[in-house]
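Listed below are the structures to be examined.
In the two complexes that follow, chain A is the common piece, with chain B as its partner first and chain C second.
So, the complex of A and B:
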């Protein structure tokens, strides 16, 4: 696909603001809902990401952000299924494909690469790094022992593993946590996907190496001009990693916009609360804690899902469900009082 | 690795000594000794005659002396002579070992293939009728004694008009006949093993296939077969191999009766007759052989852990 051929698939509700980019949309998720049995764990998620663009998906635990990316990758597992909405990759509807069909269309690895949260658990302990890297490499049509080996070593060098040749024959437990995540990144990229999904890629790592791994992902994403979705609960990661951000609450996207805009000027009361709860670094400064917790699937409040915790809630918020809509000031958000609050701020 | 093997070898020898002492002592307390057995057919048995016969066989000496004499012989490779036939026990053991090993190896391979295969299938078909059927079948075979299964096989074969050819022929003499003689007892022995293995394999596979690295492997496009057999089974294998080792012990004890039923002149058959005849040296040598086999199998099981899991391999080196 050439840069000029932007598809009309970009959903109305999730355009790319602030980019003015002519790059084609790689992934478009529209009004997605996911169920595990009777539990709807994700109700209304719309997001999109273009080539060369990094989208952050942020939310508290239980907000449905991981489930969203699992649904996109077809890895929901037993009992999980998409119940509404659509997932479109490169203009190709992939919402309800069987595992076999996903495999046939190269959706596993070849077109979508995934970096998992905990590299210690996501790498098979009884296979060497090289063997696992080869599995991804072989999808590109590369074969032959020598060719695979040199390409694999090249990838490990690319992600900054010391002694790449030697690292190929190592087992995951023989690497440090940071090295494991680097290997994981190499594996995710070795099949040359166009969409890279990183599900909290640094949560399981030591604080000191988190920045290194994030920088690596960001650098490779730019070098390879990948569409990237990074799932996180940390606004620091959003600021460092993403061009745009979608904020999730209780299984719904509540606000989407460019990272600079949202951090400078959050509009949705939940986004504000989330940013307000960040430590400022000022000694003695109070952290604004958001009272309560994310409602679970069984106990979803009526109307706006955030209203019981919302400082700006009014009576209608309990009755009417807000939709995700473009606001007049160039942002997409889900709030009945969006215009009202904007006017008040001004 | 070498120290590991050495430690295991020393431990194995200690086990063998214990087993020898236990068998030596306990078997002498079984009522009716060899002299009674040998002379029971004859008339006019006087106590003097019995005592004379015992002295002749060295059975009048204190137990400790008898044991030391026997043990010092064993150390030099002399297992004594059969009290009935007078033939060297070592030769008898070697001859009998071949059919027994053939039978148990065929049976354990059959059991492992059937059991692990069924376990993997049941795990992949989890919750379907196929899974249900495999689980019911495995429970049934777990409950059936090998002895009964052996008899049932013979009866079943007779009902369809097939009789296993006799007498026994070794594989090198007549492979075709040998195959018919070995395959049915091997199946009878293997089904219990397969049943136990399939249940454990199923649960181990279910645990592994829920692991993150399986999800990650699927995400990078690993084909189903490699996903479940390569990544899944290899990770589920450690408990399965452990059970395989203990099942081999069970299977070996099963051969004693199965060889009897199917007329296979193996170690079990030999032991069975030796026990009935109170042929002490033969019983002791046979039990010692079973002990050695069990220890070797356990050693192989332990060594195979290292092959399957690099972390274990490393911890040992």
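So, the complex of A and C:
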């Protein structure tokens, strides 16, 4: 696959790929649960992403976004395992493949590119940035010392690294945090994967570089017709990048919709509260803060996990667990009062 | 040190042409081979009771400037004058700081009560039962339960840890608190809680804040005035409303244009990008420091001397595109 060959560039104002899109589903996660030892840290995650589509995964810290990414890539690490549900890549069930089998099938690096939240996880400290870029580039079939080197430098320039030629010969520890993050983005993109998962790819970057890097990710995504999952807790990133959005709370997906639906017309009380706690930029105005914080695995509330913080909670919310299902108005959400709340608003 | 009478009316701090430089060391003997001008010729007054935001990209010198006001960094040139004197001991009490990473600044082996009481103990402000009462009062001021007194930092959430850091700062009854990305690592929900708390504390104690941030929306809501920095220099400063609503300097414009908005029509494709190489602070461009990335740069920007000019009630760095020479 080379840039530009897959599909013509879509016009900028292209409508988002909705559920009706003809593009094939690249990744489908169904009712996924993940445990670390006897702690269930994700309980019910369902999401899917099509070719050419960008899905944002948003939620507060500790809601299970990174664990979901690690489960999909098979990198949960010691003590971590998928305990329920399935992960399907291109129609192929990969839920229980060993790490070795994943490597054999070229899942990681070639077919799934990942930009990790923690750069030290992805960059190998004993190889230079250039060596690691070469490895990614050779997966695309590129070879020859000179060709590799100039392509590698071009990738570093794309992600806004100062002195790209010189940076090729540096080891990860010789770069600043933000520079490491950019090097990692370059490596993940250089192998031209079919699914790119970016976990908080720009949190350590300044706004000007952030815009540059996100623009690059989006452009490549369009050109290569990649499926993109972008994990973030920044609604600005969601608005700029996503076609669809899944909102996570306490290890579960609680609402899924198009980016316009989620931002302009959020239905789940949690999504509403999150958007309500954003600063508006109005001088001196108070922000409507959502009280409390995300519960952790050991102290999960009964019933609806959001009920202790939910402004719309009623008595039964503490007893009954809501399921993720489509409401009469088409939105997929997890709330016992989905119908009433919608009616109340209308 | 300049006499105190040099301070303008109502000012708590006054900075005049302040530069801070870090030595660059090389080789076995760690010889100094040059300097990084982290802050260059910065001047402003910090008024009592106001919030002044410091914005600009990573590495532009925001934290260094904050550290200089805390007297943790020596000033290479220029002067910092404080109402009430600048002795290290005085400043250590009157100016406090809250950092981005609360865990990094709280000793994990100490209990919350002792972390908050540390400054009181060191400065011998109150002792014994009165000290513990004061700590409990601080806990309630930052809206933490009294039970937090005997907990360790890792037993609290990120937002609660940041409340502890704020209580520690408040314990000294400071006049100025440097908030260095104090809410940047927090979720929007928790950030909102902390910003509201900071506003309440400011109203109650007439606190002055130096608010270092890269989130222009937060700055717009929280700060009275803003100073925009680029590579060690201030490029524009004025009231937040004026600067954010009608930015004048090309760098301020670029910064605002690059900020993402929570608006599904503001897609990434519509956001103008800066091109050009990101300069190294060790070797800044001559003339206007923004010229390697400025969309309006002209050849003679390379020979422009940095100076601030008035434009209405704000100040901007002289700029060729604004016909200033």
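The definition used in the following text is that the second predicted complex is superposed on the first by the 273 of 346 C-alpha atoms of A that agree within 3 Å, B and C clash if a C-alpha of one lies under 4 Å from a C-alpha of the other, contacts with A are read in each partner's own complex, and residues count from 1 in each chain.
Here is the rule we use: a contact is a pair of C-beta atoms (placed from the backbone, for glycine too) under 8 Å apart; a residue touches a chain by one contact, two chains touch by 3 or more.
None of the values given here were measured: they were computed from a predicted structure.
Novice: Just checking: does A:39 make contact with chain B only, chain C only, both, or neither of them? Give me first, second, both or neither.
Specialist: It touches nothing on chain B or chain C.
Novice: Using the superposition on chain A described above, determine whether A:147 touches chain B (first), chain C (second), both, or neither.
Specialist: The answer is neither, since A:147 touches no partner chain.
Novice: Considering only touches as defined above, state whether A:209 meets chain B (first), chain C (second), both or neither.
Specialist: In the superposition, A:209 contacts chain C only.
Novice: Pick one for A:300: touches chain B only (first), chain C only (second), both, or neither.
Specialist: Neither partner.
Novice: With both complexes overlaid on chain A, does A:318 touch chain B (first), chain C (second), both or neither?
Specialist: neither
Novice: When the two structures are laid over each other on chain A, which of chain B and chain C touches more residues of chain A?
Specialist: Tallying touched residues of chain A, the top partner is C.
Novice: Which residues of chain B touch chain A in their complex?
Specialist: Touching chain A from chain B are residues 211-213, 215-224, 226, 230-231, 234-235, 308-311, 314.
Novice: For chain C, which residues count as touching chain A in their complex?
Specialist: 57-59, 157-160, 187-193, 195-196, 199, 214-218, 220-222, 240-241, 244, 254-255, 258-264, 266-271, 273-274, 277-280, 293
Novice: Name, in rising order, each residue of chain A that touches chain B in their complex.
Specialist: Residue list for chain A touching chain B: 73, 75, 77, 103, 106, 108-110, 112-114, 116, 118, 121-127, 132, 135-136, 139, 171, 173-174, 184, 187-188, 191.
Novice: In their shared complex, at which residues does chain A touch chain C?
Specialist: Within the complex, chain A contacts chain C at residues 12, 60-61, 160-163, 176, 178, 204-212, 214-215, 218, 233-241, 259-260, 263-264, 273-275, 277-291, 293.
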